[in-house]
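Could you have a look at this structure, given as structure tokens, before my questions?
To keep things simple, chains are lettered A, B, C, D and E as they appear, and every chain counts its residues starting from 1.
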Amino acid sequence: MARAVSRNQKIGWTIAAWIVALVIFFPILYAIITSLKTEQEAIAGFNLIPSFTFESYQAVQSQNDYFKPFMNSVILSVGSTILALIVAIPAAWAMAFSPTKRTKDILMWMLSTKMMPAVAVLVPIYLIFLRTGLMDTRIGLTILLMLINLPIVVWMLYTYFREIPGEILEAARMDGATLRDEIVHILTPMAVPGIASTLLLNVILAWNEAFWTIQLTTTNAAPLSAFIASFSSPQGLFWAKLSAASTMAIAPILILGWFSQKQLVRGLTFGAVK
Amino acid sequence: MATRQTASLARLMRAPAIVLLLIWMLVPLGMTLYYSFLNYNLLNPTNTSWAGWFNYQYFYTDPAFWESIWNTLVLTLGVLFITVAGGILIAMLIDKPIFGQGIVRILVISPFFVMPPVAALIWKNMIMHPSYGVFADIAKFFGAAPIDWFAQFPLFSIIVIVAWQWLPFATLILLTSLQSLDGEQMEAAEMDGAPALSRFIYLTLPHMARAITVVILIQTIFLLGVYAEILVTTNGGPGFASTNLTYLIYRAARLNFDIGGAAAGGIIAVVLANIVAIFLMRAVGKNLD
Amino acid sequence: MGQITLEGVAKRFGEVEVIPPLDLTIEDGEFVVFVGPSGCGKSTLLRLIAGLEDVSDGRILIDGTDATDASPARRGLAMVFQSYALYPHMSVRKNIAFPMKMAGLPQDEQSRRIEAAAKALNLTDYLDRRPGQLSGGQRQRVAIGRAIVREPSAFLFDEPLSNLDAALRVGMRLEISELHNRLKTTMIYVTHDQVEAMTMADKIVVLQAGRIEQVGSPLDLYNRPRNAFVAGFIGSPRMNLFSGAVAAEYGAETVGVRPEHISVSAEGGKWKGRIGVSEHLGSDTFLYVEETGLAETITVRSDGEVSLRHGDTVWLTPNEDKIHRFDRNGDRIA
Amino acid sequence: QDTTLTVATVNNGDMIVMQGLTADFEANNPGIKVDWVTLEENILRERVTTDIATKGGQYDVLTIGTYEVPIWAKQQWLVPLNDLPAEYQADDLLPAVREALSVDGTLYAAPFYGESAMVMYRTDLAEAAGVTIPDSPTWTDIMAAAEAMTDRDAEISGICLRGKPGWGENMAFLTAMANSYGARWFNPDWAPQFDSEEWKATLTDYLTMMNEYGPPGASSNGFNENLSLFQQGKCGIWIDATVAASFVTDPENSTVADKVGFAQFPNKEGVDNHGNWLWAWSLAIPTSSDAPEAAKAFIAWATGPDYAALVAAGKGWRAAPPGTRTSLYENADYQAAAPFAAMTLTSMNAANTQKASVQDIPYTGGQFVGIPEFQGIGTAVGQQFSAALAGQMSADDALAGAQANTTREMTRAGYIK
Amino acid sequence: MGQITLEGVAKRFGEVEVIPPLDLTIEDGEFVVFVGPSGCGKSTLLRLIAGLEDVSDGRILIDGTDATDASPARRGLAMVFQSYALYPHMSVRKNIAFPMKMAGLPQDEQSRRIEAAAKALNLTDYLDRRPGQLSGGQRQRVAIGRAIVREPSAFLFDEPLSNLDAALRVGMRLEISELHNRLKTTMIYVTHDQVEAMTMADKIVVLQAGRIEQVGSPLDLYNRPRNAFVAGFIGSPRMNLFSGAVAAEYGAETVGVRPEHISVSAEGGKWKGRIGVSEHLGSDTFLYVEETGLAETITVRSDGEVSLRHGDTVWLTPNEDKIHRFDRNGDRIA
């Protein structure tokens, strides 16, 4: 394995990898490029060099304020993830360190709650939200997104906790730690990388959620998914504008994803790697 | 670990998550079940009546029903195949020593961060559009007639888009798995005279079995629920060529505002999805231990 | 201040009885070692004492008071785990401080004890490192440090040296012995290593399948094993055991002679054989003698300068004083 | 204690302009604040329907079309707008539009802009090809002209029509076309009529035009795509909503702005019907609104007689929302700025939504059928026709499929006993 | 059939020269052990021979033909890895069959060799298990089995026993020695374990920082270490090394005496000291004697029945014949 890889070989792999990477990334890249074109350029055929105009961004911003939905997206995705962590950490602790015969079934069952097609339950949920006054509130959506992502959070934390040797928790118990001490002082800090990656993944999932966030909001709590929904225009192909709006909607999470790539990979594995 | 104290504590700590999810499952499910036995159209709410099994009968006699089940299968399996096979190849490629490895990885995982409707819009308008898309430009460049992807190969086009979104997920999990492959094993196989392809078949693939299982399991759950991409691109057409089960329910719920029918469809979908899930767990679940 | 009594303590995992009811008293200040084959229940017994598992039956008394239902934290014992179980996200200082923090000791008292422990264990320079930045031996000392500062009434060690390489083990073994000499606190030590058991213990408890085979001082066990199991288990290389005619000659079902109690000669002796493998350690030579007709091989320890080679014919003579005799049940005769 | 109005709108150009003018309204109506919810048309329709049907009360003003207004009004989901102030000049509204937004003579929504359909064609290409398109063409004229204008080498398609499936996409056009062929959706007993000769002729001619003279990928072209094609000079003829006229004549976005001629929606020889396409995006107040008075004030402002002048002051008269008020078409400034004004007015006035087909029908609506089930049925039928256009099934199969599907849905809905 | 010659072989990782140019010949049928401190390049040297690393300089000859650029598979060598590197998803049978499958041997020949290997290694009952279901010792035998069936011209072992517990190690050590006696195939064996090196090797190669310090038979190295490094490295417990006045007395810079070559008495002798820790192994006792003024502690090995206790004053006398003398550079004198 550690034999010298010849330079030519390395260059060959590099070229192949870059081609694959660019092909995969191309749609996003092209959307970004298009967002910097004028509308005429945008539909004028293949062209990788835009005129670098920001008029589409200005148009988008003047049509719909970006800041409020952006803030809503941040609050909803981070809030729901934190809520989910608060519920999921104890559950994952219990399942990882005090497993019963049914632990795996419970985990599967949790995942299976994600199988209900959202549209089929829209009316019940809509009515519940109306009756409880949660409609178009951040808190309502935060709770909903928390519930949607809870199975994934529990699952990820569970696989992560299982890697932590039980002896360390026992040591803490011997050292006089109560259960609370054990979770607060030992388990949580030790699982920080795992918790961080769980947090990241769920922020992304919540950020990209585009059904409930549109159906259950009007103005107050509408996040970027709703912002995007107002840009595929019925009158004309405003692709530059659409691209600009899309870029604005995905940029924050894309950048977050890029920066936390390594961290994310750890959490993503769902216990796939032992 | 195993004292009575900790066991009872554990029960207490599991409870909130389980109770929350139970409520989150049972309340909507119960209401949906109830609705599925009603003639209930949102546009005519005053005219609601008991329907018995009619909604179910109506749903599965829908001319699109069997085709949609077939499409759901093709879509799920197609995406799984592309993402797993592609994921393995890409993971192996970016695991090699290359220049700019970090950037390459970032580029490869990016599609994962794009909202499904946005992804569908980009592909539909800028990539696959028969007049303005990049594919059309490429076809024209080679003097071929541009292909109208969504009309000619609707399901395939959707598979491509969904696979593009999920490829990073598969690639990442498989990559991490690949990195945990024991170098000595590979060396041992090399000393045993195994050429690269044999090493891949006999060592790398079996090693990744667990990761592949996880990819299949998690993705299946998400793939069964794909509809936004269909809605944005083909609207389920032409004909029913790209209608899957979830989209069929969507159609009932959002175009016909037929709450009873959509509820019945939802129940049918839940039952089918659970059958698939149980089947999957039986088939591959032991890989997870 | 550290007397531990087990009265009829038993442990079942579901249907399986891992430890049948068992009585054992460990005196204050004693260094007790549990040995036995893998899976015989050493760790389980230790964990029962620690309170990390519930007993299925019986009572555990610590200093005369019933601690059977007390939580691990309340028993006043400290445990050093095989993996050390250090808190990887805390510095050495914080690791050592953790039990005191849990007990709510005042800050200055904490610092005082940390300093003292660090000094005693030669850790002063490493107090601000994380466990990941320490060598195996240093980690083990941190684990001990964390145990010391609690001033426990007894220490429990579960194979604390088994993760170390051979060279380090020797050093750490000495350090733990010295610690015991200094603190005079009760220590219960689980190991599957012969040498550790022999060199460290005041009292060795030999376990087999959850039962106590013998309790006694190391030399007691070496010189007067109560049965064939203990005889074979204590001592390295293993005692040679013979049955059949040779045993009958000594009026026993089985007889045993340790390798160091057999002399070897090229000229003549009691038993004839042929040298199989011989292992030259420089200081000693272990000869594995085959074709004696008594047992498959007889192990003999001889001095470093033996000039015998593979295949040579030799004569073996046991030291008659050192022959151990066992009856049909494997129990020692006389 | 400001009143906040939540206004739900679609994201087309005129609505965006209205958003930009919010400040004017708020200045004239102190104490009222306006929040906008702008969504894509289909999402908006879903959203608003769910809300109004569950009495959610999330919105105070809704943007809905001529399709929804009568249906919703019958459910008593909309506040009647009969008591608008006199300055509103309700009589100025175009009669066809007003009629489409009223039930039993009561107005339930105020039109923001209206449209019919007409033919737009390239005068230069027609001239070059040696064809003329009369002001009121027949389908034969159109097909002949399309054939003559087609020039595949120059990437010019003779005709561009909607092909993308959807009740508001290809079915809007095909329903209007069928009307002009003398076809109907249902007979008075609500039996679907896709097995009729008229529908067969409609679909056959449509497929012929699209396959022979149409653009590539026609089965996914909607209004937007055709607009772009036409603006880029790739279409000879485009038959679509009248609002398109102002886009294709906009020199900023259109390369053919000064080469566009207009004609009435075609008819089949012997059938006196020009399709009866009529649509108006209108503002309505749900009964669940908690601020109906403020909402009325807003509607009076946004659809009132002075609004056009307000827009014109900022953006010129061409940008004024068309198709709602007679007075606009009498305005000389507007006539000068909008060369399509006359033909638009003609088309609007020719549309009769109360009786769309020359045969007897039990429904109202022009390019749609005014029953709640039409969204689902229309889309399903649109899928069939789109599949036929994509070459995945024959015209006969598509019609048979449409017939079966529609019969099934109508039976379920209880129309067919 | 198994002669391996290294001519000026050197290895650099980037800038770092891990192995300076080095010559070494390993004869056919020899059992050669590489020892040396951690990181001295033992594994690297083995991997160079195996072909798993490219040499930076020099040539590797196998049976006289240049194999420097041959792929690992083509060198006809077999390697047993420290982790065994068994294929975890294949049964034992398949693991053993793998190299033959790759070589395209006929099915019946494969079965024949598998049977033979399994019999030789006592694996017959386990052929259908997966490696995960085997004990450490069994795994190691599978790894050897996989190597045997190839009928290699030489075996390479990289610390194959280091993952095993002490008891198993002894057994496996013997089995490998027997295997060598039986097959007479060249074996190169890397270990950091004293006892393994001493007992198994025909020839030991002591490495330090990539350089060869000494090559010779185990007793050679034990009796006549070429320098102080080898003297300290070979033998357990370590040789006691003294410098200063004592050394000068013998006309050397440093002198060394092994623990087994010092006699102890309560009455009188050459050096006076006080007993620190003493370790009773039954067969032997290791005394750690302090306060001698010569070195911090002097290790002395004495017989099992010594009656000295912690704190007693004792007298030590080295066996004059067995004193090793080293000059200023650490090289052996005479």
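Criterion: a contact is a pair of C-beta atoms (placed from the backbone, for glycine too) under 8 Å apart; a residue touches a chain by one contact, two chains touch by 3 or more.
Fair warning: this is a prediction, and the values are worked out from it, not measured in the lab.
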| item | value |
| --- | --- |
| Winner on C-beta contact pairs when B-E is weighed against A-B | A-B |
| Angle, in degrees to the nearest 5, of the Cα rotation that carries subunit C onto subunit E | 175 |
| Inter-centroid spacing, subunit B versus subunit A (mean Cα positions, whole Å) | 16 |
| Distance between the centres, which are taken as Cα means, of subunit C and subunit A, whole angstrom | 53 |
| Separation of mean Cα positions, subunit D and subunit C [Å, integer] | 91 |
| Separation of mean Cα positions, subunit E and subunit C [Å, integer] | 27 |
| Junction residues of subunit C - those touching two or more other chains | 52, 71 |
| Sequence positions of subunit B contacting 2 or more other chains | 1-2, 42, 132, 187, 254 |
| Per-residue multi-chain contacts in subunit A, two or more chains | 1, 43, 122-123, 170, 229, 232, 237 |
| Partner subunit A, residues of subunit B touching it in the complex | 1-2, 6-7, 9-11, 13-14, 16-18, 20-21, 24-25, 27-29, 31-32, 35, 42, 90, 93-94, 96-119, 121-123, 125-127, 132, 134, 137-138, 141, 164, 167-169, 172-173, 175-177, 179-180, 183, 186-187, 210-211, 213-215, 217-218, 221-222, 224-225, 227-228, 232, 245-246, 249-250, 253-254, 259, 262-263, 265-267, 269-270, 273-274, 277, 281, 285, 288 |
| Touching residues on subunit C, where the partner in the complex is subunit A | 50, 52, 71-73, 77-79, 81-83, 85-90, 98-99, 102-103, 146, 150 |
| Touching residues on subunit D, where the partner in the complex is subunit B | 46, 49-50, 53-54, 71, 75, 164-166, 215-220, 225, 228-229, 372-373, 375-376, 379, 382-384, 386-387, 389-393, 401, 404-405, 408-409, 412-413 |
| Partner subunit B, residues of subunit A touching it in the complex | 1, 5, 10-11, 13-14, 16-18, 20-22, 24-28, 30-31, 34, 43, 45-46, 87-88, 90-91, 93-95, 97-98, 104, 106, 108, 110-125, 128, 147, 150-151, 154, 166, 169-170, 179, 204, 207-208, 210-211, 225, 228-229, 232, 237, 239, 242-243, 246, 249-250, 253-254, 256-258, 261, 264-266, 268-274 |
| Contacting residues of subunit D [partner subunit A, same complex] | 6, 8, 10-13, 16, 19-20, 35-41, 43, 46-47, 50, 54-56, 58-59, 223-225, 227-228, 232, 243, 247, 253 |
